[in-house]
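For reference, the structures are reproduced in the following blocks.
Shared chain: subunit A. Partners: subunit B in the first complex, subunit C in the second.
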Partner chain A sequence: MTRHLLERLLWMAVALLGVSVITFVIGDLLPGDPARVIAGPQASQAVVRSIRHQLGLDQAVYVQYWRFLGRAVRGDFGLSFRTQLEVLPTIWARFPYTVAVGVGGLLAEILVGVSLGIISAVRRGTVLDGIVICTALLGLSIPSFWLGLILLYVFGYLWPIVPLGGTSGWTWIILPSITLGFSGSAFYTRMTRTAMLETLSEDYVRTARAKGLPGRTIVLKHAFRNAIRTVVTMAGMDVGAFLGGVLVIEQVFGIPGIGALAWQAILNEDLPMIQGTVLFAASLIIVSNFAIDLMYGWIDPRIRTAS
Partner chain B sequence: MAHPATSALLIQDGDNGVDYERPLRSQAGWSGAWRRYRAHTLPLVGLVLTLLVLGVAVFAPLLAPDNPITQFPNGLSAEGGPRPPGGQFLLGTDSLGRDLLSRLIWGARTSMEIAILANLMSAVIAVTLGACAGYMGRRVDMLLMRLTDLLMAIPAMLLAAFLAAVFQPSIGIIVIVVGFVNWFYLARIVRAEVMALRQREFVDAARAIGLPTWRILARHILPQLWGSVIVYSTLNVATTVLFVAALSYVGIGVQPPTADWGNIIAEGNTYLSVAPWLVIFPGIALGISVLGFNLLGDGLRDALDPRQKV
Partner chain C sequence: MQQPARHASLVALMFVLLASLLAVAPAARAGVRAGIHDGGTAILDFSSDPVSMDPAIAADGYSLTILHVLFVTLLTNKPGTTTVVPWGATEMPTITNGGKRYVVHIHAGIKFSDGEPADAHAFKYSFERILIPATKSPYTGSLAGVVGASDFVAGKAKSVAGIKVLDPLTIQFDLVQPDNNFLYDITYAALSAVPQKAVEAAGAKFATHPTGDGQFILQNWTSGVGMTLVKNLHYFDAATAGHLDKLLLHTNVPTNLAVLQVEKGMADISAGDVNGGDGIPLSLFLTIKNDPRWKSYLYHSTLPETWFFVMAMRDKPLQNVKVRQAIAYAINRQKIVQILNGRGVLASQIMPPSLPGYDPSIPQQEYNPAKARKLLTEAGFPHGFQTSITMFTTPPGPQEATSIQYDLAQVGIQAVLRIVSLAQYSTLAATPGGSPTQINDWLAIEPALFMNWTYNSNEIQAGNNMAEFAVPQVDALLNKAQQLPLAQAVPLWQRAQRLAISQYGYVPLYYGVEYDFVNPRIGGFQIDPNFLYEYQQWYLK
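Up next, the complex of A and B:
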């Protein structure tokens, strides 16, 4: 287990390094001249040249990367070209909003998805099962950002019970969570249903039934404990796509999180801010995958004792 | 946002559509697949929806009542806002007085063009790399797995937006960018299948009679993969349509004035309270095409890959 942990930690570091190379290389391909962006269109050639020198842009790419990396490991991603604010503190200041939306959405999608999945597996072939399957299909097909806008129109404008965008009070978190929850739960419903159908037909479930255990105990303690592994695996594969969804949803509801920051930075060709947000988002994904890897040991005792 | 394509590949649903009462007929080949496909209602609904969307995309110039980028002087209301649905403009107009219906019809073309071309591109990359990694194993395999691990660590949305910004978004660039951020999952599926196929007797036999590796891959292994590739790509067209729409919505995908469902919604965003139709109709168009491809993909999975059934 320790060896496995160390391997994973090492891989995390390598992955982050790889992502930093990718963001740096893509950033290097950006057509605009960062020095010109900072200096403004009216500045003279001499000013632009001195800014290039200051930023080290006149050096070879690998030297630039080395310096970028040296600063990045100390948490210094430089200053935004547009706002001249430090990148990392700006990201940290926006992070709580993204966390709030992400946690709200994740809770909604897993709670709704898993419980619907269990219900439809237990009631397989009934009208209820049919309704759940159709709802899941709708959830997969409706664009989440569109659903967000429609909800905002209905509950923010027509029947104003939540703020029309922005982050005042605490009610602003409701609609983004529902939006993410509806789209995301479809995925978990289908996965949980399949996994539950599989475990419910296992011999040990039949044994449990033969022993006369109550249905609820069989479903939750015997079948679901095994189906949960599939759910966790799917959650791991889903982290990246989920985060992408969160960033788009922020735009819909006017939430000043990392998404808003990233889209603005990309439109502005604000290189340090783009690199910062991409690396930050990638670290989030890498760390969550690590956490999910650890969870396996907790969920499945066979893995815990294997090494 | 989940990754429906991968999820759906792993799901086994319902019965296998074989009616044991009827006299036995060949279950193999395309005719068997079609028989399994049409045995259920939902796949047929999916087929109809998909053909509808593809038809609209192909015949957009004939179907659209107006030019999608013409700004009609009478397309704006007396107050200078968008016109509601009805009259000359069936689904109303947008904030620049353009016919919404025509823009939606041309939007189908943009959306299908990008989604289908991007998926063709990712399928080519995925099959090539996945098959090489799966067949050669060892170092090549390690390299591919680590590379996909790495690329999957960057949110596809951000990576695509970043790349699109670098190369200035045009339809061609978006196809390439989306194709590039989409091949990882399929490459892994192909790799796993090739690894399993490599162990089979017919591959041993081909090797024993001295066929070169490329020939074994091309003639003996690849034909076995079409089912999964077609199923995955079909489901992934649905994912891609949503992905591109979201990209255009945040302003980095298809750029105006080119009509795209995502950027129509983005433009309508500002007028949500006065002209909700600008958001509602493109969303329905998106929903119909995504639902169509999802149902088609689910149906194809059940029809082409009966082994996945229990």
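Up next, the complex of A and C:
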């Protein structure tokens, strides 16, 4: 198990290194001269050259990358070209909003999706099953930004029971979580339903029924325990997809998270901020996947033994 | 009998006095100035964060509107106009030595909120701080014409020889050559005084925790969420002090939500985007404009802003004046104004009508595709040619570019659109040869800027003269005009413009019209040509 973990840690480092190279190279290839943008339209060439030198942009790309990597390892992503403020503290200040939306959305989609998936599997072929499948299809079809706007208009403007965007109070989290969770819950419903149907037809479930165990115990303790691995795998992969979704949701609801920060950085071609947000997000995804790996072992002892 | 009567009179008199006092007291507590009640809070929605609260660094319009009430400059524009008036200065500068020396007397008693005086020493320190390369200020160009500035930038001098403190309340500027734009330069929020001790103590954090001397003080700023400005009770000038107690600026609010928040009374203004996006989204504009409920919410004003189409005059086939003329005839500018839903006025020239130098005798460019095709044939391109149009992503940029792309296609010119981010656009636009054609704009109150940045060949290297327009006769007129007092410069600018416009390096498209969606409870609102918003004038009705 220890060796497996060490291997995983090593691959995490390699993946992060890869992301840092890609981010840096793309940043370097982008048209535009950050020194000219900082210096302003009236600056002389001497001033532009001076700024380029101060930023280290007059050095070879590999030297710039090496310096960037050396600083990044120490948690220093440099100064924003635009605001001249440190990148990492800016990201940390925005991080809680992204976490709140991400966790809210993840909880919404898992709670709703898994519950509906179980109900749908247990009530297979009934009207209830049909309604659940239709709802899931709807969730898959509706774009989240559109749903967000509609929810805001109805519950923030026409019938104001939640804030009309922004992050005041605590109720602001409700609509973004529902919006983010609705489309995701559809996947969980489908996956849970399929996994549960497979598990419910297994011999050991039939045996449990033959032994006279209550239906709730069979479904939740025996069948769901085995079906949950699919859900956990999806949740692990979702962290990455979620960051993409959160970016859109943050724009719709005016939430000052990392997505909004990254978007502004891209618009302003603020390379240190782009590199910082991308590396930060990549680290988040890689660490989440590592945590999911650990959870497998906890959920299914056979994996722990095999490792 | 007389006694009770006198007693009754006294009681009545006291009653009247008491009633008068009671009537006056609330107004006195709230602070009444010319019928305006002081106090209260205004809420503003912006769709992104300001860049910086350090005047030496911030160059975005959003930061500048805020810095304008946090820091005092020597001169400013009279609110709502393009006229330059004294602010931190007691009077307009005394100009001597053939226009090369400016002496400015500063008001006594201007202090930063930490008690440090905002005097001549503070202004000298602040101006030199801009020039220090480590500051990485985008305003070095504004002071490049001061004697000794280049030596100071190069590290050859410890201070700028052309900025002298004559006494704590008098500062003198010596310029290398006369420059009528210098009066405008010192209205820039960047060229306000900053407190040396606070700047050196805060370091980079001065950008988020500034110590100012303006009508308001920045109480807090949470990145991505917003900032709170509170009234500066120690502001030096009662006549220009702010009325509101507090300004709550919400950032990161999408404009469609901001408009809904104003409608619901949750915010007072939808103020738009730091990158130039409008406070009223294009998609909602007509709905709002045509709805009688929002009539009292809408303000509009034509800005000193000119949008124009640029053609790189050294590129083939644009180096042929007939080709450029053909393009000018091919562009349907009225259609662009329609796309903007009327948020523009057709432009006859680069200089906007509100600035000295505007020439009403210059006619509008005619839209005539048939003539355009004829000119292209005469130029040797009967079937047109291929080119590209560069524009930034902020609406309505892409819509304008698409409209022109269509117009050019009608006369046989196939143009590929290059819609890029504003940052990429800035570099492409400023790089000679970076783009064959593009759409750009100037927004400023300095007439010399409009003329020089557009038509002076000195500005090619800096990337401002994007068409690489270089006509010696025009250069001579512009260089001479810049050294004359404003009134004498006007006829030279007009002559230069008439000469330049026939070369078709730039096709004036329209003058920008700003619309704002403002809760009618806000009094004193007007669209300012320099800062857009003058928060110190706002009050609650």
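Heads up, the rule we're going with is that the second predicted complex is superposed on the first by the 306 of 307 C-alpha atoms of A that agree within 3 Å, B and C clash if a C-alpha of one lies under 4 Å from a C-alpha of the other, contacts with A are read in each partner's own complex, and residues count from 1 in each chain.
Heads up, the rule we're going with is that contacts are C-beta pairs under 8 Å (C-beta built on N, C-alpha and C of every residue); 3 or more make two chains touch, one makes a residue touch a chain.
Being a predicted model, the structure only gives us computed values, none of them experimental.
*Asks:* Based on the superposition on subunit A, does the combination of subunit B and subunit C result in a clash or a fit?
*Replies:* Partners clash after overlay.
*Asks:* Should A:269 be classified as contacting the first partner (subunit B), the second (subunit C), both, or neither?
*Replies:* both
*Asks:* According to the stated criteria, A:214 is in contact with first (subunit B), second (subunit C), both, or neither; which is it?
*Replies:* Neither partner.
*Asks:* Quick one: is A:30 in contact with subunit B, with subunit C, with both, or with neither? Answer first, second, both or neither.
*Replies:* So A:30 meets both subunit B and subunit C here.
*Asks:* Given the touch rule stated above, what does A:169 touch, subunit B (first), subunit C (second), both, or neither?
*Replies:* After superposing on A, A:169 lies clear of both subunit B and subunit C.
*Asks:* Is A:150 in contact with subunit B, with subunit C, with both, or with neither (first, second, both, neither)?
*Replies:* A:150: touches subunit B, not subunit C.
*Asks:* Counting only touches as set out at the top, which of subunit B and subunit C does A:237 meet: first, second, both, neither?
*Replies:* Touch partner of A:237: subunit B, not subunit C.
*Asks:* With both complexes superposed on chain A, which partner does A:194 reach: first (subunit B), second (subunit C), both or neither?
*Replies:* first
*Asks:* Where does subunit B run into subunit C after the fit on chain A, at 22-30, 76-84 or 112-120?
*Replies:* 76-84
*Asks:* Mind sorting out which residues of subunit A both subunit B and subunit C touch, each in its own complex?
*Replies:* 30-31, 149, 152-153, 157, 251-252, 266-267, 269.
*Asks:* So in the complex, the part of subunit A that touches subunit B is made up of which residues?
*Replies:* Per the touch definition, subunit A meets subunit B at residues 11, 15, 18-19, 22-23, 26, 29-31, 109, 133, 137-138, 140-147, 149-150, 152-153, 157, 180, 183-184, 186-188, 190-191, 193-194, 234, 237-238, 240-245, 247-248, 251-252, 259, 262-263, 266-267, 269, 274, 277-278, 281-282, 285-286, 289.
*Asks:* Could you list, by residue number, the parts of subunit A that touch subunit C in their complex?
*Replies:* 30-33, 36-47, 50-51, 54, 79, 82-86, 90, 93-94, 97, 149, 152-153, 156-157, 160, 164-167, 251-257, 260-261, 264, 266-270
*Asks:* Which residues of subunit C touch subunit A in their complex?
*Replies:* 47-49, 51-52, 54, 57, 59, 133-134, 136-142, 144, 150, 153-154, 204, 207-208, 222-225, 250-254, 256-257, 260-261, 263-264, 266, 275, 393, 420-424, 426-428, 430-431, 453, 461-464
*Asks:* Which of the residues in subunit B end up touching subunit A in this complex?
*Replies:* 1-4, 6-8, 10-13, 149-159, 161-163, 165-168, 238, 242, 245-246, 249-252, 265, 269, 272-273, 276, 279-280, 282-283, 286-287, 290-291, 294-295
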